[in-house]
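Presented sequentially are two complexes of chain A, the first with chain B as partner and the second with chain C.
Coming up: the complex of A and B.
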């Protein structure tokens, strides 16, 4: 592997890690408050991506400014997160809150199956993409290798901004502190006067928006096909499981490890590309069964 | 009372399968599919007993199916029964090895690790074209069964009778297992694992034996499926197939082994109906039915019929 290739792989990996982190962040946030891993999260990614692609294709002309296209991506993420997040949380999950955790998990799985078919009905089976965004931002040369500005600057920047603003939000704002309280103990938080229902909805929508944002940002650089949601729920779960459920900083590190390892595999052993995230997850879980960054929890008897 | 009910239902069901399958030839393949899916769902039911759910169990059907295909390619003269047993044995061994690893995890970790492993298998099979035939899969020729060479219709009848016997036998065995000490301990994992450990039992070992049994059942289902379809494809191990098994298990209910087969009958009827009237919304239909079942009848069909309710199936100590 030459240095050029390694640099290219690193840049790709960081960009991919940015997407992974955003999606995993949504998943881990929802887990914190709801106590379940939302299998339908992959559908948020897919719908975010498809909606973004539709918006961009509709808006892009020969001289559409880049900012309009970027706003279209953001609008897609917000719209999808708000609509689908509300539908799933208020329409479905709230009804099964007191049931067996397995059944709650299955409800999100069922919702995922419904969303997958909806997506196929709306956008069909032919690949979609929003490549116009990448072109509108142009390229950049570093050490004689040409990168697209979109991948090397924009995606990692958004991921980092999301990380720091979420941390600040959870630590400094009123709602953020309430979210942390509900994550810690729903019962005690309710007793203290926090409206856990509203906080649950709010967090779910934020998480859904993050998942959809990952999809919207992936739309310009990948082609969306049916089944993309499945790949991403498993991928983002592998990030979250490697980090430990509910760990935000851990998810950032795990996303970087998995993203870079995967893109090195793309350049050196392309057949293994799909398998790398799972191998890392399995390797980590073998040594640390509840993830890299989890703190010990009391056993309930 | 409920054992009598189960006995009557098994006899009526078996007669219905034989009568319909042998008199209406077009029903033969769907009937074998029902039994094959039922066997796989029975495997998932074993895991549900332990409170665990796997989103990747179809990988064992896939392993068994490909074992049948590879073995036949290497030794075309092998008998169908040998192929089925070989497929089941390889799936069981795989379950034993993978089980050592996955039984350390519970709930979502258990489910997703199984899913991840099945996705690895699926993508490897789809990508390694030279060995596995890629997404086109591998053809399986009609083998002899117990040394007898059948024509197509006779072959299907023989497979139908064989699957029926296997289904009843496995259902009976699983029910015996549920009532054995190991089976009751498995249900104890769902109720309270810490207490189980205090009794001196190893939860991991109990879950492992349950996992191996469930892998064997799904393997048997996969070997039968491969023989009746005459083709194995990576689709056999795709997550959607695992999801269908889980769907059947939940629909039928985990209170009794017979639930898996009742679920499989309803599932197949919905599937045939969807193929005729609603193409392209198959997953959506499954999803909606699953949600309705969870909201309205969390113990499934078997639970609704009050089969196997010696004790309260839900609740209990936490």
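Coming up: the complex of A and C.
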């Protein structure tokens, strides 16, 4: 593998990792605060994607500026996160908050399947996309290989911005500090006067928005088909497990490791592409059963 | 009264004269129950849903015209998206509990492999209406199983031939196929055929991304760096859409010739995202702009009605569905005739279907002794045209199935290695010029 190819693989890997990180971030955040592995997270991805595609197709004309289309993606993510996050948290998860984790897992799994059918009901089975966004931003050349600006610049940039904003939010703002407190210990936080229910809802909605944002950002490059959410939940779970549940910085690094390893595999041994994320996950879990970045204390965010 | 009605009346009259009308009336069922397996869920519903719409439309028209000598077809649809095991139990239930004698199954090659031996055991006529694996009919001789359309060998050999005809001087090729049976098997046939016809070709990359892969960016970067002369992908559905869109956004088609044997089924969805100059096929000669049949009354009427109903142009599974149903109806008609007007047994129909020629909406298909249908293959090159929001396939060429299908009793993997370059100059191959967009 020459240096050129290695750099190309890095570029591809970082772009892929950006999307993966956003989805995994939502998953890990929700786990951190609520202690629930939310399988329905894949549905946020799918709905975010389909809604974004619907918005973009409705808005895009020959002269639609790129910024309008990008705002449409963001709007889709916010809308889906708010509506679905609230519905799932207030309607379902709050009721199983203190139940067996296995039951919680099954409840989110059931919700995921219901959302999948709902998605088929709304958008049908025919593949959808929001390609106009990519076209509006143009391309650039890297070692004689054409990349879309959207994939190589915008997606990783949004992932980085999301990472730093979330960190700043958790450390600097009042509500962010409350989230950290609830993550640390729900009981103590409640005793200190924090409205854990409200914090739970808030975090869940943010997590859902991140999942939906992943979908919305994928919509311009992928084809949305029934079942698209399943893939992402499995992949982002491998990121979260590699990093350690609830680890935000860990998720960023794990997403980068997995993204880059995967793209190097495509260049060198394409047969391994599919298993690479899981090989890394298994390898890490064998050595560190609670993930790469879990520290020996209760605090998870 | 249509021709079928007349025939039915004639048969009844003859029956009355010869005193067999009592027996006829007893034997003839009130309706012919058929089971149709199609994908209503999952990624392959891009084929299954239009296929089902085609079945509904055809059966409605056929029953309105009198059915098979007055016997109407009553379909039951099963979802292939349930997976092989569930499908199989539903299939058995339909046959064993509800007495269904005819099944149209399946789209998925995996499902055809599972169902063919079961159909044989249950003695139910099974028409493989859309699956492409050539293995199922080559590895075992069936009595009750037929295929009313081409197979993977017919399709892939024709694709190689078309490629060599339009771009004879390439040196390197790369492949990006879906990682499952069709992706792997189609590449094996393609590669072996190519090596037989042009042994100096170099394969520079073989990539099999996961079925349903959401992103081909890395594969496309690698292909852009490798710059092969030709890139093959037999992918379909959402996978093909993603690949073509990303390849087109990143200018891959400017550096390499893309060969996409299933692109016809994605053209309308992808619209202007399909670059010009892509070599494309349609798993047969099914095309609403078929140079020989675009103005054929039956074809034209079907396309118009299908568009009115589904708001889309028909794609190849629609044509495959019509072929299966036409073959079934004609098989029954012929078997009734041979049976002196009496309703035939399933065995008689299955036997008749192996020795007949029928027409769906495009070129006629001849059925062979092994149950395999000979379906001519058409390929073309994508070109944007005014008046249509998606490209047409231009420079259409029809390659007869007799040239590209392994003879009865031979196995494709060995047979394709024996094809000779003389095949390319066969006078049976028909080529056409520019494809005009539809008139309306």
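Note that in this section the second predicted complex is superposed on the first by the 283 of 301 C-alpha atoms of A that agree within 3 Å, B and C clash if a C-alpha of one lies under 4 Å from a C-alpha of the other, contacts with A are read in each partner's own complex, and residues count from 1 in each chain.
Rule of thumb we're sticking to: a contact is a pair of C-beta atoms (placed from the backbone, for glycine too) under 8 Å apart; a residue touches a chain by one contact, two chains touch by 3 or more.
Small disclaimer: the values here were computed from a predicted structure and weren't measured.
*Asks:* Between chain B and chain C, whom does A:234 touch in the aligned arrangement: first, second, both, or neither?
*Replies:* first
*Asks:* For A:274 in the superposed arrangement: first (chain B), second (chain C), both or neither?
*Replies:* Both chain B and chain C are touched by A:274.
*Asks:* Quick check on the superposed pair: does A:143 touch chain B, chain C, both, or neither? Answer first, second, both or neither.
*Replies:* After superposing on A, A:143 lies in contact with chain C but is clear of chain B.
*Asks:* Counting only touches as set out at the top, which of chain B and chain C does A:169 meet: first, second, both, neither?
*Replies:* neither
*Asks:* Under the stated touch criterion, which partner chain does A:120 make contact with: chain B (first), chain C (second), both, or neither?
*Replies:* It touches chain B and chain C both.
*Asks:* Is A:262 touching anything from chain B or chain C once the two structures are fitted on A? First, second, both or neither.
*Replies:* Once the two structures are laid over each other on A, A:262 reaches chain C alone.
*Asks:* Going by the contact rule set out at the top, does A:293 touch chain B (first), chain C (second), both, or neither?
*Replies:* Neither partner.
*Asks:* Indicate the residue numbers of chain A shared between its chain B interface and its chain C interface, in ascending order.
*Replies:* The overlap between the chain B and chain C interfaces on chain A comprises residues 120, 271, 274.
*Asks:* Which positions of chain C touch chain A when the two form their complex?
*Replies:* Result: residues 40-43, 45-46, 49, 179, 205-210, 212, 214-215, 217-219, 221-222, 224-225, 237-239, 241-242, 245-246, 249-252, 269, 273 of chain C touch chain A.
*Asks:* Okay, in this complex, where on chain A does chain B touch?
*Replies:* 36-37, 39, 92, 95-96, 99-103, 105-107, 109-114, 116-118, 120-121, 230, 234, 237-238, 241, 271, 274-275, 278, 281-282, 285-286, 289-290, 299-301
*Asks:* Residue numbers of chain B touching chain A in their complex, please.
*Replies:* My answer: residues 48, 51-53, 55, 101, 104-105, 107-109, 111-113, 115-117, 119-120, 123-124, 127-128, 192, 194-195, 239, 243, 246, 250, 280-284, 286-288, 290-291, 294-295, 298, 314.
*Asks:* Which of the residues in chain A come into contact with chain C in the complex?
*Replies:* That would be residues 4-5, 8-9, 11-13, 15-16, 120, 124-127, 129, 131, 134-135, 139, 143-148, 151, 218, 221-228, 231-232, 262-263, 266-267, 270-271, 273-274 of chain A.
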